[in-house]
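Structures incoming, each one as structure tokens.
Each of the next two complexes has chain A plus one other chain: chain B in the first, chain C in the second.
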Partner chain A sequence: MAKVLVVTSGKGGVGKTTSTAAIGAALAQAGQRVVVIDFDVGLRNLDLVMGAERRVVFDLINVVQGIAKLPQALIRDKRLDNLWLLPASQTKDKDALTEEGVGRIIKELRTNCDWILCDSPAGIERGAMLAMRHADEAIIVTNPEVSSVRDSDRIIGMLDSKTARAEKGERVEKHVLITRYDAARAARGEMITIEDILEILATPLLGIIPESQDVLRASNVGSPVTLNNPASAPARAYLDATKRLLGETVPMLVPSGRKGLMNLLLGRRAA
Partner chain B sequence: MDSSVEPTRQLIRLRGRSYVAFVFTPVVPIVGWLEEIDATLARSPDFFVGKPVVLDLSAVDLSQSAVVHLVKSIEQRNIRVLGFEGVDAAHLDASMPPLLTGGRHCAPQLAVAEKRETKPQLTSLLLDSPVRSGQSVIFTEGDVTVLGSVGSGAEIVAGGSIHVYGTLRGRAMAGVNGNSSARIYCQSIEAELIAIDGYYQTAEELDADLRSRPAQARLDGKIMRITPLN
Partner chain C sequence: MSMLRLFSSRRATAPVPSPATAPIARERLQILLAHERGMRGQPDLLMRLREEILAVVSRHVVLDPDKVIVRMERGKHVSTLEVDIELPSGSENAFVPPGDDRRQPGDLRAVPAK
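Showing the complex of A and B:
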């Protein structure tokens, strides 16, 4: 029986799609059968990040509406044969998603794979609600800045009240994933600290992904960062986070990054 | 010697006691009135079980045979007639229930019993998880206690006081029903807005020295007093 994992945040541009692709690929590398579903109807991106944009025939909406069968719409990854993508529709409206249709797809997928990753759209509207609806676990992607943290808090509240599990009185297991963490700026006190984020969100930490050019580079070539350059700092952080997701205990490393000359000269700010 | 024992006389103790009974007031036509009783029994067959009734015949003028017939009709429906009211004593013979006088009105016992079944109203609300951004907790009946933080953009509205065993980052409105003695307590004050009985203060007006400290807010006339705890 598969676990349904929603990757959500409330705020846009924090790295939901990048994280879905990276963790989805890392889980597949670990031998799990993984399906990643793009719920961002109308603004799909996961197909680009996964490098499958030229192979899309049917999409999520087609399956919801019964125009296509689920196996027809699933796109198998070219690099990992136990990783599939269910793309969103770019032309349809978000209202084309129905709760009944999404429930049917999740139910069908649950019997055939190990992990179902739902890439949520930004916001708290229909798409985001349906992406989290059937979740067993949730990754809340947060940037170290106040607006992102507050939006994450809002989303955690909804995970605790609006999901199918919450309505049955069960819990959705939640993890915070801090992305775009800039060690140099954190050292200068320009970012909200990890301790503060965790204190505000009162939710366990899954990992800290450093801000890196490697993420953008991987997106541009259509490859999850964990496949494109597994030795890079963000890829290692995603691989560690994935191990934690699978139940391993991995020490949490705060990415420090190399200090430049200016940092050495001007290391500490006077009070 | 006379061995016979004089029997001790048993004293009869007379005590008064009052009971509550249903009073039936039949109206003409009696047949129509009996149909009404049947309709009640159809809805709840056990309604009159163990509840003897008194017949108040003041609204009708019945002959003796008619009274006998009425009592029979009622007893056929498994309702016991305890006595009569408002009827000439000459109409009743020894085999019929007695004439009662001096009855007083009282509220039907049923309503009292129903009230007891409802739960006693809660006067406080306990939340043992954090209140997240966008959540709104409204409890006008009394105090609200939160074991956790109240997130930025969250809202607590209470008729009584508000206690937050965590950081208060959102809005807290206490004493919304005009309770000016309500107070707000928190482990760490970073509130966006604090209000008691309609008098409010925003984060901007909050004393910078108080920020992130345990604090208490109360109303002193029209002035909001926010003081550190300890």
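Showing the complex of A and C:
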């Protein structure tokens, strides 16, 4: 039975789509059968980040409306044959996304794969609500910056009250993923610290992704950073985060400053 | 390029560094979020209050649902609930006689024209 994992944040531009692609690919590399779904109707981008933009024929809304069958709309990744993408619609009205339709798709996918990653749109409107609706687990992508932390707190409140699990009295397992972490700025006291973020959000840490050119390079060529340059610092951080999702205990490395790879042990276990 | 980088890194570790702002960020967030978490779910409460007050008052007075405003303000020691209901002019006609069930809450048929 598959696990449904929503990648969400409230705030835009923090790295939801990058993280969905990187973790989706890393899970597939670990042998899991993975489907990534883009919920950002009207502003789809997961197809572009994963390099599948020219292969989109049908989309999420086509499936919801019954115009296409689910297997017709799923795009199989060219690099990993156990990774599929269900793209969002670029043109349709986002009201065409119904709760019932999304529920049907998730139910059908659950029997066929191990992980369903839902890439949430920014905001707290309908699209974001539907992306988290059926989640078993959630990754809250947060930048070390006040507005992002505030929005993450709001999203955590919604995960605890508006999801199908919450309504049944069950809990959604939540993880904070800190992205765009700049060690040099942190060292100068210009960036809210990881300890402070975790204390404020009271949610366990899944990983710390350093700010890096490699992330931009990977999206430029349409390849998840974990596939494009697995040895790069952000890719290793995503690969470690993925291992934690799979239940492994991996020491948390805090990206350090200009000195390079003098990583510190944070002594804090994830999830 | 490398020269520039040399300069910028010099400047970053200049003898008088700007004070760390991260602790201020933390403090502001903690105060703000404590407040926002308390407010969470309140819009729903106000909406329910508004609907129920509207239903009760409409049993006796014909009124415009848009002219019923319910506001809550949270103070440090006292919180207030403010209900502002505007009655239509010529309100003697607006009172629903007892036993008259022709007019339902929110029904504006009997509101006299200005």
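Keep this in mind: the second predicted complex is superposed on the first by the 257 of 271 C-alpha atoms of A that agree within 3 Å, B and C clash if a C-alpha of one lies under 4 Å from a C-alpha of the other, contacts with A are read in each partner's own complex, and residues count from 1 in each chain.
Convention: contacts are C-beta pairs under 8 Å (C-beta built on N, C-alpha and C of every residue); 3 or more make two chains touch, one makes a residue touch a chain.
The shown structure was predicted, so the numbers you read here are calculated from the model rather than taken from an experiment.
After superposition onto chain A, the partners chain B and chain C occupy overlapping space and clash. Contact with neither chain B nor chain C is seen for A:91 once the two complexes are overlaid on the shared chain.
In the superposed model, A:188 lies in contact with chain C only, and not with chain B.
Judged by the touch definition given at the top, the superposed model places A:157 against both chain B and chain C. When the two structures are aligned on the shared chain, A:220 is found in touch with neither chain B nor chain C. When the two complexes are overlaid on their common chain A, residue A:196 makes contact with chain C while staying clear of chain B. By the touch criterion stated above, A:72 is placed in contact with neither chain B nor chain C. After superposition on the shared chain, chain A has more residues touched by C, the comparison being chain B against chain C. Contacts of chain A with chain B, set against its contacts with chain C after fitting on chain A, overlap at residues 146, 150, 153-154, 157, 161, 200.
Residues of chain A touching chain C in their complex: 145-146, 149-150, 153-154, 157, 161, 184, 186, 188-193, 196, 200, 258. Residues 124, 146, 150-151, 153-154, 156-158, 160-161, 199-200, 202 of chain A are the ones that touch chain B when the two sit in their complex. Residues of chain C touching chain A in their complex: 9, 12, 17, 19-23, 25-26, 28-30, 32-33, 36-37, 40-41. Residues 129-135, 148-149, 151-154, 167, 169 of chain B are the ones that touch chain A when the two sit in their complex.
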